[in-house]
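Below are two complexes that have chain A in common, paired first with chain B and then with chain C.
Take a look at the complex of A and B:
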């Protein structure tokens, strides 16, 4: 199949962005209230959590990895924080402990991947299972859902508050996107992540401390997961740990890949994640307004993802000679 | 002799050190860790759970194992080709729903329904296959998408039909047999799995398609460049995966007769875990059906066991996650370090007490300069002529390390041509009665170059496999030298069964009896191993009377005689020992005696090290291979001895001027021709007072020798 030359020069990110704009226009024309400020804000707010998780995933994926334990980490660390506040720990301490737990777990994941050399897919899968199991067995016992107590105080504003009319989750997501952008673009560590993702052996030979950087990558994604979890929990006044069994982690991968980040590492930027997040946001919002059933929404989302990767493979065909071995 | 010495001797005589290394070098050892994990898991839960080993519990487990095993096989098929199939869980749910739908609502017979289900699930596999195989999408993402889509489809279908389905209930003998019965105590689904596993094993390990599958998984690029239909094979792997999952779905439907939204939920994780736990490598190319089955059993017992222990709700996943991490960690480490470990332990030196060598200061072995005026042939034009031989027309033949046999024209041997190209390094050579050249080729076996057309033929490259040898000793690794008995049987030596040709120094370091004498009978075309456990058997020569074979054991510094006939038939005796160096080829001399080449001299340091096997083992483990103690192969000599084992004379090149390194020599019409494996030349020297008409071939097959009197030389 041959595409005209101009189309051939489009990247997947641009294709997805075009699709997003088209859908945005279609929805604006066909759906009532779609363009209303309140709807746009709620659209953004609904994907803020996904976007933050996507940023964490982006950092991991850029360094040629994947983090399937993010949702479990997010659910358990935040649920434990809430549980600690409920049993009387001061809010500050509880938040610190929860964050510490999240960072510790992701650091363990990182060590397993960097030092024990367990494949990332597998290590994060197992750590996700372990974190969920450990949390349910020893940190929050007896119940699936932990409700936010009144003592949560100012921290409930993370999910519910507004600043200058804009919901805090959106601001947080934007702030984190800027930080991630600056980190990846201007810091040496950020560059090292790219280098490792591009060619780990070359990075090692040229003196980059490959293993510590890999651990750091997962710690950063653990931090992002904790922030996303706080937003989720404070927005709905509870943390449901059964979220671990849902398709959420797949959605996170979806927005990262959709935007054109290469799962084999080294290619991608914050912009790609934003584009992917916006597409999902517009899509889900539109479908919700149209009152489409949740399962069908899933199908549509998946089909769009499929379309994006098929288009990518047709426009930028992968060559048998240059394909990387073991790249699944 | 002290007790300690005796104990040391016994230990090295009876304890099979080398077996550990040999086992590590086998592919099946990869299964050791998954197998151990499986055994530990079964034992632990067998001890923790009451009635674990009861018939009813095993029956239930067996039935579930049949289903999980099929799904794991499906996942393994795809992993082997270098992909991953996350859609197995929802495809399984689809198969389960569809089967129940066909039976309960469409009222189709069981057989037809099963075919439909397998076809539809195979169709889902086909979609994956087209996307991943032909469009080259990423397997992880693509199957993730199909996972979500198929799951959503199943959910929609359930919404539509669940109520109707729960109202009707299908029952038939076959269906009940599938769900509840089996063959005696063995559940039906287990039998299905067994049949599929046997077929899968044969296909994967013994058939072209299976090998191609593994080749693509091992290196897709190389497979593509080799011309394999990569895309088609990848695609078909996904189809097979889908069909297997469909089959599992049918069995699940037969067992539970119910479809729920959580059917097959997370099954992809269990299957992936099982496949990897079993030792199939993520990324492809390495794995087997047996590994898949071991992994499936481990995961099944683990998940069921944790569930039945009745711990609080989080403990199951916690234990599963931990076990998984631990097992994968071990497996990854094992894969990474197996070869390092193998390198460390493969070399297993043994005790070798060398007797004091004969003196070279006086007597027949006295060092002299008789080889210093050697005439040099083909200087710089030949590389490593291990053996030299002459035919009746005085043409000189030698091997070269480029895999050729080179022929030099008489009388001055200034011109040469490639007589035949063999491909491996030619070592010992011999002419048979018809003038065909028989050659031992290192790494290849015994070959023959026909006289008429110089065509190269394989004579033999394998012998009988011995019963308890861990390494495959049926292949010939290092056929070294040969000779032909009067009855036409070919006796040849294989220097070592544990090392390749260029690792001969390591075999010397080991000094274990790794070599053997093998006999090939041209009449029956059979190859049999005659004598085992020889220390680097090297030169072979039939005695002048044709009743015995003489052969050298290089690192043992001795020459043995093996009786072919007469009163001592079948017996082995040491003819000549305590040589001062390492004997190589043996050939007949014109006066009824024998020449033997000494390829290098013993050194006191190595002799001492041979008495200290633990020292040599430490050396092999802790220092780099180029710093090990090796036998010296720089200076040697030619020795003549007789049938009584008496040394008669020796020829040396004390100043190392022309031809110090010697691995073979041939007497021919008053001259002695010399070859050496590390040389760039062939030497010849005029011998005083020898029979000017004597040649090697006539000594074996000529009118005045041997049992074939009067036949004369073969037509030129």
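Take a look at the complex of A and C:
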């Protein structure tokens, strides 16, 4: 099938961005109040958590990896934090302990992948199950939903607060996007992640400390998971550890892949994640306004993903070079 | 003189002795029913298979049934499928093979376990369904009459947002899992009432899959689109915490009437106190545990499972900020400890 030349020069990111713009225009014209500032803020707010998780996933995927343990790590570390506050630990200590737990777990994941050389998909799948199982057996032993106590104080503002009229989750997501952008674009470590993702053997030969960098990228993703978890928990005044059984992790992978980040590593940027996140945000917000059932929303969401992938493979057909990269 | 009287007394006592003995003898067969009842319970096996052992309702039910079962020398086992329907039907299949005397379960939806429950019944295993009714009737269904509960909740909403009120008459409904009994039957009851009240406008009716985050996201958008919303019905307090949070964070707690229902755990009482919920229909989960235990006793003392079929509708009451302090708000931790 041949497409006009001008279309042929579009990347997947641009296609997705176009779809987003089109949907945005259609919704603006057909749905009341869609363009209202408050609705745009609520749209952004609803995908802020997904976006932050996406940033963590981006860093891992860029270095040729995948982190399926993110949601488990997020749920258990934050639920434990809340649990600690409930039993009387000062807030600051509890937050530090929870973050420490999250970073430790992701560091273990990193070591398993970098030093024991277990494929990322298996190591993180197993670690996700381990973190959840360990957490439910030893850390959160009551109900699987942990309710936020009043002692959570100022930290409640992470999910509930507003700054200059803008919800804090949006600001946090923007701040983390900027940090991730600067890190990947201007720091040596960030550059090394790209190199490892592109060609691990070449990176090693040229003197990049491959293994420590791999561990680091999982630790960063653990940190992102913790922040995302704090937002989730403080926004609904509880942390529901059942979220581990949901398909949230696939949504995270969806926004990363949708935006055009290559799962084979080395190609992608923060911009891709933002585009993917916006598409899902606009789509879900519009469908909720139209009162479309959640189950049908899922069907439409996956159809849009298929559409984006099909469009990409028609416009940018697989050639020898992309074929050799290999896909997961 | 004195000793004479003593002698008489002794004689009288001795004479009375056989009488007393006879009386003691008579007292023992005085309760001829206790023995067989205890016999019917002793050594029986109660297998508990809820959707998950990790949430307040299942912990209260299990905690009560376990305590009573063990009091009467029964064996109590628990399996935790952790919200996986697959794991649950596997658990049920293996239980049927092991032949316990009683299976206490909770359907994830109306269909998944229906055939397995029939199979268990055919083998004479007593099957007791909690809260979420399946498509087949077994020894007992224990839970509130959810259609009536739906009607009750809808009527509460009509009195706040109906024709007599000076409001927009706009309401929103947050469902659970569409096919789950608690959601399905409640919605049926709600719709029956709302059909008679055409002034009420349902601006949104979405499923949140028992997930507070989803309920929060849906409600935030609904409030955005309908800033004059009058009320919200959420079918379960466990997810309504998200619904209520969205209302609270939009600063609309005074204007929007949030009504939900649940087992009356401490967390729900706290949410009533801080204004996240306006009213909760409390169906008292430990009370349901007691009803389940009653169903077990009835089945065991009447020749085992599948002999008779009963709908045991558990009592409920409306809880608001005003009477929450008088309600017994129980702590799930205490029951979770019993089950561990």
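Everything below uses one rule, namely that the second predicted complex is superposed on the first by the 321 of 328 C-alpha atoms of A that agree within 3 Å, B and C clash if a C-alpha of one lies under 4 Å from a C-alpha of the other, contacts with A are read in each partner's own complex, and residues count from 1 in each chain.
We adopt the following convention: a residue touches a chain if its C-beta (ideal position, glycine included) is under 8 Å from a C-beta of that chain, and two chains touch if they have at least 3 such contacts.
Keep in mind that this is a model prediction, so the values were computed, not measured.
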item	value
Which superposed partner A:25 touches (first chain B, second chain C, both, neither)	neither
Partner chain(s) touched by A:295 [first = chain B, second = chain C, both, neither]	both
Of chain B and chain C, the chain that contacts the larger number of chain A residues	B
Touching partner for A:136 - first (chain B), second (chain C), both, neither	both
Which of chain B and chain C A:245 touches, first, second, both or neither	both
Touched partner set for A:235, first chain B, second chain C, both or neither	second
Partner chain in contact with A:253 - chain B first, chain C second, else both or neither	first
Chain B versus chain C as contact partner of A:205, first or second or both or neither	neither
Contacts on chain A seen with chain B and repeated with chain C across the two complexes	136, 141, 245, 295
Residues on chain A engaged by chain C in the complex (per definition of touch)	32-33, 36, 38-39, 42, 45-46, 136, 141-145, 147, 160, 232, 235-238, 240-243, 245-246, 284-285, 288-289, 291, 293-295
Chain B partner contacts - residues on chain A that touch it in the complex	112, 116-119, 121-123, 125-138, 141, 245, 247, 250, 253, 257, 263, 295-296, 298-299, 301-303, 305-306, 309-310, 313-314, 317-318, 320-321, 323, 325-328
Residue ranges of chain B touching chain A (in the complex, touch as defined)	82-84, 131, 135-142, 144-145, 147-149, 151-153, 155-156, 219-221, 224-225, 230, 265-266, 269, 272-273, 276, 282-284, 311-322, 324-325, 328-329, 332-333, 336
List of chain C residues in touch with chain A within their complex	52, 54-56, 59, 82-84, 178, 203-214, 216-218, 220-222, 224-225, 238, 241-242, 245, 249, 267, 270, 276, 332-333, 336, 340
